[in-house]
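As written, the chains take the letters A, B, C, D, E, F, G and H, and residue 1 is the first residue of each chain.
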Amino acid sequence: MAKKLMKGNEAIAEAAVCVGAINYFAYPITPQSEVAEYLARRLPEVGGVFIQAESEVAVGNMLFGAACSGKRVFTTSSSPGISLMQEAISYMAGAHLPVVIVNIMRGGPGLGGILPAQSDYFQAVKGGGHGDYRLIVLAPSSVQEAVDLTILAFQLADKYRAPVMMIGDGMIGQMMESVEFPAKYQDPPLPPKDWALGGARGRKPQVIKSLFLDPIALEKNNILLAEKYKVIRENEVRYELYKVNNKNRLLLFAYGMMARICQTAIDELETEGISVGLFRPISLFPFPEKEVYREVLKDNIERLLTVEMSMGQMVEDIERCSKGKKPLGFYGRTGGIVPMTEEVKGAVKKELGLVK
Amino acid sequence: MAKDELTILGRPESLSDNITHYCPGCTHGIIHRLVAESIDELGVRERTVGVAPVGCAVLIYNYLNVDFMESPHGRAPALATGFKRLRPDMIVFTYQGDGDLASIGMSEIIHAANRGEKFTVVFVNNAIYGMTGGQMAPTTMPHQKTTTSPMGRDVSLSGYPIRVAELLSSLRTPAYIARTAVHTPIHVIDAKQKIKRAFAYQIQGKCFSLVEVLSTCPTNWGIAPDAATRWVTDNMMPYYPLGTFKTPEEEIA
Amino acid sequence: MPGILINKTYCKGCELCVRACPMQIIAMSKELNEKGYFCAILQEPTKCIGCRICAITCPDAAIEVHTHGTQFALFKY
Amino acid sequence: MPKQFEVTLAGFGGQGIMLAGQLLAYSGMAEGKQVTWVPSYGPEMRGGTAYCTVVISEGRIGAPIITQPQSVCVFNRPSLEKFGPMVKSGGLLFINSSLVDIASGRKDINEYLIPATDTAVKIGSVKFANMVMLGAYIHITSVVKFETILQIFLEKMGDKRQFLESNRIALEEGRKFVQ
Amino acid sequence: MAKKLMKGNEAIAEAAVCVGAINYFAYPITPQSEVAEYLARRLPEVGGVFIQAESEVAVGNMLFGAACSGKRVFTTSSSPGISLMQEAISYMAGAHLPVVIVNIMRGGPGLGGILPAQSDYFQAVKGGGHGDYRLIVLAPSSVQEAVDLTILAFQLADKYRAPVMMIGDGMIGQMMESVEFPAKYQDPPLPPKDWALGGARGRKPQVIKSLFLDPIALEKNNILLAEKYKVIRENEVRYELYKVNNKNRLLLFAYGMMARICQTAIDELETEGISVGLFRPISLFPFPEKEVYREVLKDNIERLLTVEMSMGQMVEDIERCSKGKKPLGFYGRTGGIVPMTEEVKGAVKKELGLVK
Amino acid sequence: MAKDELTILGRPESLSDNITHYCPGCTHGIIHRLVAESIDELGVRERTVGVAPVGCAVLIYNYLNVDFMESPHGRAPALATGFKRLRPDMIVFTYQGDGDLASIGMSEIIHAANRGEKFTVVFVNNAIYGMTGGQMAPTTMPHQKTTTSPMGRDVSLSGYPIRVAELLSSLRTPAYIARTAVHTPIHVIDAKQKIKRAFAYQIQGKCFSLVEVLSTCPTNWGIAPDAATRWVTDNMMPYYPLGTFKTPEEEIA
Amino acid sequence: MPGILINKTYCKGCELCVRACPMQIIAMSKELNEKGYFCAILQEPTKCIGCRICAITCPDAAIEVHTHGTQFALFKY
Amino acid sequence: MPKQFEVTLAGFGGQGIMLAGQLLAYSGMAEGKQVTWVPSYGPEMRGGTAYCTVVISEGRIGAPIITQPQSVCVFNRPSLEKFGPMVKSGGLLFINSSLVDIASGRKDINEYLIPATDTAVKIGSVKFANMVMLGAYIHITSVVKFETILQIFLEKMGDKRQFLESNRIALEEGRKFVQ
């Protein structure tokens, strides 16, 4: 398929259509309302369903009901809207439902602002709802990757019968880049959706639920979830290394758009003779725990630096996975401010003691 | 039962064999049966999907022989919307208590009704939160004592009980909205007709339908089942008039 | 001849059928069922008119009403 | 590092800033380059400031927003004040001199005063100011070909087809100021 | 004041009344509805306000509005209800409002069950809502401590102008123990509430908000928050050591009721000649990071074991703080099942290689 | 202005000196002024606390000289409830758009009205989501094009517009509920009277009060301010009748 | 004599006052204000009847109406 | 380790299980001990099983719920089936023999068959069964004094004061079965 120049928000929408996820529920919120606006035109063309729900609470629950049909369903929102879906997300995780939720993050907390941020990492990765569940969390760093990970998100959701969240900062939703969609999309082999509801014809009635009054049964469900997460941890770790080599003095950690800016910083530092590598987690859950540790251990690495558009969230996972093997620094901007190349370079130099 | 005998009323097919967990005399059981009978009589058991509430009826899927999904507290209309829009061929209903529908789920029921979602709501109004042990509901009667209104509902602080059928009937989108009761046999018969009619409208693809059923909670009202039926007559009926408040055939104003 | 069957497994002894029966022919037994309830029992089977009111009233669908041949339906249900 | 063009366009909302940036990006893409276009809006629905940054590169693009862009086109005074100081040393600054009566005062950059709005009005509408500016910018940088821009305009702006000729003229007029 | 035998739920309610927190908003949910039921009787006696809100979403927002008055306000709920408050919590954190929220946790995810659990650790400690905020999180392990920490919670909320959460499993809400309340409660010195709203009489109008459209201003607010958290990390770390000594071969980590059971296990293991110590975090945020590390480093400690009524949540913080210095094991039960003394002993022995 | 001149209408004291961020011709500005005038005339500026919505009016605290709190989207009635219950001596009002109040905040407004919370709601119905760029609201007119209803609102999918004043009036708890408009001078005068009356009821401690004000959104309707006022007359007024729907003096049925 | 003052700082050029003035004496200026709007101006001051309609209509409270001495109030506001 | 008593009481909801446990706990506290009382209910509002565990100790109480309690009082058959096997070896098991017609079958514990319900009915109401059982339990364990229990009953159950005498008799009758 030919390349198109598209806004991230629209590309995500089109990617969903591409995999047959033509059932969309949403409530407007900046900076991702274009997804709904795009799909309001696009879905009628493909016989899909779009409901503008009355609230994000309703969105989460419409998704829930719709997912019970076995069809592909998804929503997009931004930070405060995602907070309102936490109960439903916990329920859907507990009920083993495949849904895709996209959070185009804006500055918080509270009403915050409408500019890009990465301050919902904790919420997405550690679980903003109650109970022992995790979300598969993917973080694209380009519009093309947003398309690819959207497609992957639906596959993983179906593969594991689990909610998948894709998080991107507001910039990735608003920016335009060239993208390519699969010419003729074909799903990989996926388990049958025999759990879906569609009337008890020729079979016993089926129930999709998360209540288990018997604690043994509830624990069993939790163990089922935990086992699923174990398989996910084994199979679905994704990350990218940029200019990682045995000359690097420092290893940068960043995800999403922030990683792009780090790349430019690395390129520029290279010209100054400072060798730095980048570790970019793509799956935030499962987190590339072993891989981070492996890279951290390398002899040439003197120091670590995590850069986020937040006050420091993923850095806790880097801290956890690096096991104190190398000193770990953090640089972050927040509230809609994106750390620029110059700042990242400055932070690297400071970390390496090259400047004060 | 002798060979040539004919069963003229028994357990409907859509009702499972399980013994319910409801308290003795709790009319949730009657309403379950009426739903099951309606589904049977309309011949839609195999294409019906229910949405369970959070409330005493949370385990309804153990008692009805149809597919079910279990909603977060109050959100059943949102689940039903999501499902029915993707499967318009299915017959979808929610079964919700008054805490579930009229308190936490107020927004979802109003918007589903207003969008004219084509599912059916069986709304069980027992003027109290049964499952959690008898707290005040938006439908609790003035002066009624509950664990969170130990001196009785004070209308100057908590307002008057919400009349859901009337509230929803004030929306313009066409719908079938009725109120009935099940505390006497005559009311059960009325309830049966209304519930069946609500499903029939859905089967015809006509409109959103909701039947509010006045129900009892002997346990949390702290009285015997029989006294509970009288309490419905004496206290609830005067405030919650029975009747059909809206039909889709009506001219739109 | 119409009659009813009360399924003890379902009966919770709420007594609603006792009050409802127009012929006043249902009573409560003195024995507990497995669940620990005193069940309803049909006391004077011959008087049953098969009106179905007891079954209509029972919250636990514990009552089945049956009849021989044609039964005049007192009301539509 | 691969060759890379960076330009920030800034002005009032409604001056066609976003569109101009997008045309550039489309054109870069049509010529086989990597491109990014990043917008930014103020909080107001109407009348706020708007700017966007376009990067066109022969290789993979890292940061799509640039602390010190190589070139900046400003359409009004607040934009000059905000972005003037940011131009990379040795870079390019294009000023809509119809609306901005001062210059950046910087000695380390190349500054071009383009009476974009006035020229546009002459062509027929204030709306062509963005194309006048683009004409100048493209001529100086050769980042894309004139024909590509016009081609893209035709493709993407199907419903504004009747303006093609005016746009062509605007581009030409813009070029003239820097030839 | 004389000792009373009280249910945890009621003791928490009475503790609030004791510090003048007589403004309570809640929605019923098992296993903590007794708080509302108790206060429905108690508050009229002291001229307090109790509103049974229409939902937990409303609860969170009534708290928000009420807190703007400068008076002490609080709510209690259980897991799904807390999920519904995430948006409001994020807003209140962003607006620097002192409120106290108690989560009497039940098994999840979803509707889960009504029995005790500790599976909302992530939600409470990492932040279930959006944006760069943290909650002060306290975890009592007895009814008396629930009283003490409730009192502390209100003080900390006022001291830092921040939402404070107390989390306890369902057991602590339902069980009875003897408790003592301060005879005549007196607040420690606390900052004046000059930010409270009460009409612009003789002063300029005041606004309580979390929106900052200018990203610089929003970042400033985030830095303000971050600085507050830094002070909190310095001053408010609380934990308890049980039988920690230089003979311990293993160090247990547990909080809340789970720690009590670990204590009994430790006592019994002692009689078997196995020396184990317990590190019980009381403040989960700020987490006793340095203190955990200090104890972990001790030579005699061979191994670490975290025990939770969850599938493993606090264990990630132990992992982070122990920096890989000692092997870390985990034992958890979930869904309403409480790991019993025998199980903890078994897990310890297994960890130490004493049994398979 | 000459010395002996008298200002007979100017910027009210409760209106700040800031220039609003509203689009030219947006009637949010008129409604702000009416609120400010009412507060001035009733002499309660120093004991008034407003609750800002999320919507175009989110920055209302920059324009009114009273204390303010800023609510999450739709939840202003819950904040107002919490505050007013603790400070019954204060005059509390919310200012909410139609997305805010009638969509996401439906539950909160109904329950606050039903409890009879003693604050005032200024409800600005412009039939669209202004702030987020013109999406469909529950109050959007049939066939009205918005960014999320590009073919026009389809009542068979989205239902009919919600008439908030009528909906709330159907509750039994006493209240003052009225609808007005501001698109012509005569309507502004009516709006002023109703808003002032709503505050007056609160000052008397009487009841919940809500005034729905039909407003314009020239920007997202895509027409000039003047055309927008005509659009109110032609499209909104027939569907949203002006009037007083409920007063606390009415006999309770 | 009644009259009005239009504060250019507030005026956004929406023209609502122009349409509203019963005397049709307000018009739009040809010059932009700092915010980039063409402002309203009072064209025939002497004709002003001080009815306040322009001020009532202005969404930006940009108009102040004043008068000498007593002014007959055409309507209560 | 300090001396500690642990007892789990189990039966149908409505048999006064919870109350009996609370009386024990109050009494322990009145006698200066540390106490905990932990309840557990089934999902049903009515008619489900109910049990509670009371720990009375001279020192700090660790786990308030006990895998293998020293003593268990069961009021119905499902409770015997559930809790019978849990009694600590060498511990005590009290069975309401009026409703339970089997025994635990365990040889490693001391088992007492107390016809609590029958005795209670004789005293005047099935409601006294819990006190009959307590009488037996207290006599065997001496965990608290009889007077303390009665004292507490008076204090806490002000409105059930008229039943004090019957309760006293129930305790006494219970004690007789194990004297």
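By our rule, a residue touches a chain if its C-beta (ideal position, glycine included) is under 8 Å from a C-beta of that chain, and two chains touch if they have at least 3 such contacts.
If you're wondering where the values come from, they're calculated on a predicted model, not measured in any experiment.
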item	value
Topological distance between subunit G and subunit H, in contact steps	3
Greatest separation from subunit B - chain, by CA centre	D
Subunit B and subunit F: spacing of chain centres that average the CA atoms, whole Å	35
Chain centre separation (subunit B, subunit H; CA means) in Å	42
Euclidean distance of C-alpha centroids - subunit C vs subunit D, Å	86
Set of subunit B residues in contact with two or more other chains	23-24, 58, 70, 72, 103-104, 106-107, 111, 115, 131, 133, 138, 158
Numbers and ranges of subunit G residues touching at least 2 other chains	35
Two or more partner chains touched - positions in subunit D	43, 47
In the complex with subunit A, residue positions of subunit D that touch it	1, 22, 25-26, 29, 34-40, 43, 60-68
Complex contacts: residues of subunit F adjacent to subunit A	54, 58, 70, 72-74, 99, 103-104, 106, 129, 131-133, 135-136, 138, 147-151, 158
Complex interface listing, subunit E residues touching subunit A	57, 79-80, 82-84, 86-87, 90-95, 105, 107-115, 117, 119-120, 122-123, 126-133, 209-223, 225-226, 310-313, 316, 319-320, 323-325, 333-337
Complex interface listing, subunit C residues touching subunit B	2-3, 5, 9-10, 12-16, 19-20, 35, 37, 50, 52-53, 55-61, 63-69, 71, 75-77
Subunit B-facing residues of subunit F, complex	103-107, 110-111, 114-116, 138, 155-163, 166-167, 169-173, 252
